[in-house]
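What follows is one structure encoded as structure tokens, with my remarks underneath.
Chain nomenclature is as follows: A, B, C and D, assigned in order of appearance, with residue numbering initiated at 1 for each chain independently.
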Amino acid sequence: MSLSSLNPDDWLCLKRIVRFGETDAAGVMHFHHLLRWCHEAWEESLDNYGLNASNIFPDVTLNTRDLEVALPIIHCEAKYKFPIKRGDRLDIKILPKKIDLNSFEVVTMFDCKGVNVARGILRHLSINAKTRKRCDLPESIEFWLEASSIARGLQPLI
Amino acid sequence: MSLSSLNPDDWLCLKRIVRFGETDAAGVMHFHHLLRWCHEAWEESLDNYGLNASNIFPDVTLNTRDLEVALPIIHCEAKYKFPIKRGDRLDIKILPKKIDLNSFEVVTMFDCKGVNVARGILRHLSINAKTRKRCDLPESIEFWLEASSIARGLQPLI
Amino acid sequence: MSLSSLNPDDWLCLKRIVRFGETDAAGVMHFHHLLRWCHEAWEESLDNYGLNASNIFPDVTLNTRDLEVALPIIHCEAKYKFPIKRGDRLDIKILPKKIDLNSFEVVTMFDCKGVNVARGILRHLSINAKTRKRCDLPESIEFWLEASSIARGLQPLI
Amino acid sequence: MSLSSLNPDDWLCLKRIVRFGETDAAGVMHFHHLLRWCHEAWEESLDNYGLNASNIFPDVTLNTRDLEVALPIIHCEAKYKFPIKRGDRLDIKILPKKIDLNSFEVVTMFDCKGVNVARGILRHLSINAKTRKRCDLPESIEFWLEASSIARGLQPLI
């Protein structure tokens, strides 16, 4: 895979349709699903970028159950600007950002018909899975962060 | 929309990638997500077939909050044959079947790399949303059931 | 812990209040949560009976991450008789049953104000976690199954 | 109900046991469940305080489906300090705070064995459910906010 052959739209711009089970009795999306969507968008971005996910997520069948590095979420937040409804077709933009040697955050923007309806942020810390002490980010995550930084330079995402 | 222009593969054959939050500490998909996937696959099928979902699902902003007909699930079941893991790319086949004037069921097959890994069934009853008595299936659901029956005649799905 | 000192009501009869996020835009409990409740009720029953859960569930900090035996769910089903709403106080009865040397099922009855509103069934298989071949049920599960069988003899649960 | 007869411990201090389906393949609680727990703790607090929830949450069977006032969440956030595992018995403290005439927030502290493991914040806006314009908080929420403020004066919660 050469970086130049990848269109950032494929791994930084995603889509999602809101489903019935994600609404509540008020008739709109129940708030906590948005944070789940953020994590799933992050995973989809890594997939689409071409990362080998077995270095990032524990896999019981690939002898990567006990990964050296874990990337737990230490902080998350979300802002809700407009109600989101079943059937809404969301345009999702991922804005990853390295914070320091041991952590990064991913801002996820959710638009519907050209209007920003919500935003979520997940902050990950890189730790040694055994000692649970801070460690350097995995190399593959470094690549992905750098590539997204370059992509953002090429085309403003917001 | 003319039926003949629709390829059944677009609304009876779907795809889904398993996400990290859908696993549990045993390292594989936690069982109850499969039933959620069944419902979401059903919704996606209706979308792709071209149904006006505001006749099927309550919509707080479209004056369809209080639909005449509701389609509650009265029975569901699932069989799990092989463990399903994060990153698995599932091929999903929808097999709808009319049971009688008031009810239908949707069998959903989940394959991974050509192997059937799980199966779910949702059975819906058609009721008057106010009296909660049985009533005829909505016309749009009848169309979708009939079209899927024809499609299955054309190409065996399993 | 002596079996005689345990009141079956403590570990076979549980309670749960339905929460807002468990409803959907139709105003009632979204169906798939019931299966989650079944599993959580099973876990609560094991806890209340006094089982050492680190023999049953993988625990990353107790060196039981790689348990010898796993108890995956191979089948589940549910029947829905009446709509369940936010705030409903559910009385939950657990009816465990050994099927054979390698499997058991748990029927979970959900009542609201004395009326049965739904029922769920989870069927577990006992497998060697590495070979994934059938094996005998863990001893602690055998005890729990036997105790529930005795308890049911003493007091009819339905 | 007289306020003086209520022990704040009953409606500001709650308990919860972490369940298997709330973990992920890393072996610990998957982050987004914490936000769900915050909302459920808020609901439990209102219940235990004695509020008539049919004024707060839409109820399809009580003619409160179309409530005048809705309390959507406009912001949420969470901090994770220590991993949370299946079986962990969490002590939950609710700290409600009025922000202005139209909004309030609820800080929820999660402790395990005397150690703070996580914290969540939900911020609600009070809006007219039809016009979706800001409006005064419902009276019952005002009472609950005031009572919690008094309770906190009596006994420091953190």
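Heads up, the rule we're going with is that contacts are C-beta pairs under 8 Å (C-beta built on N, C-alpha and C of every residue); 3 or more make two chains touch, one makes a residue touch a chain.
The structure presented is a predicted model; accordingly, all values stated were derived computationally and were not measured.
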Neighbouring chains common to subunit B and subunit D, by label: A, C
Chain whose average C-alpha position is farthest from subunit C's own: A
Computed distance of Cα centres, subunit C from subunit B, in Å: 27
Rounded Å distance, subunit A centre to subunit C centre (Cα mean): 34
Residues of subunit C whose C-beta touches two or more other chains: 20-21, 25-28, 32, 36, 39, 57-60, 65, 83, 86
Of all residues in subunit D, those that touch subunit C in their complex: 17, 19-21, 26-28, 36, 39-40, 43-44, 47, 53-54, 57-61, 65, 83, 85-87
Subunit A to subunit D touching residues, read off their complex: 25-28, 31-32, 35-36, 39, 57-60, 65, 70, 72-81, 83, 122, 132
Subunit C residues within the subunit A interface of the complex: 20-21, 23-25, 27-28, 30, 32, 65-66, 86
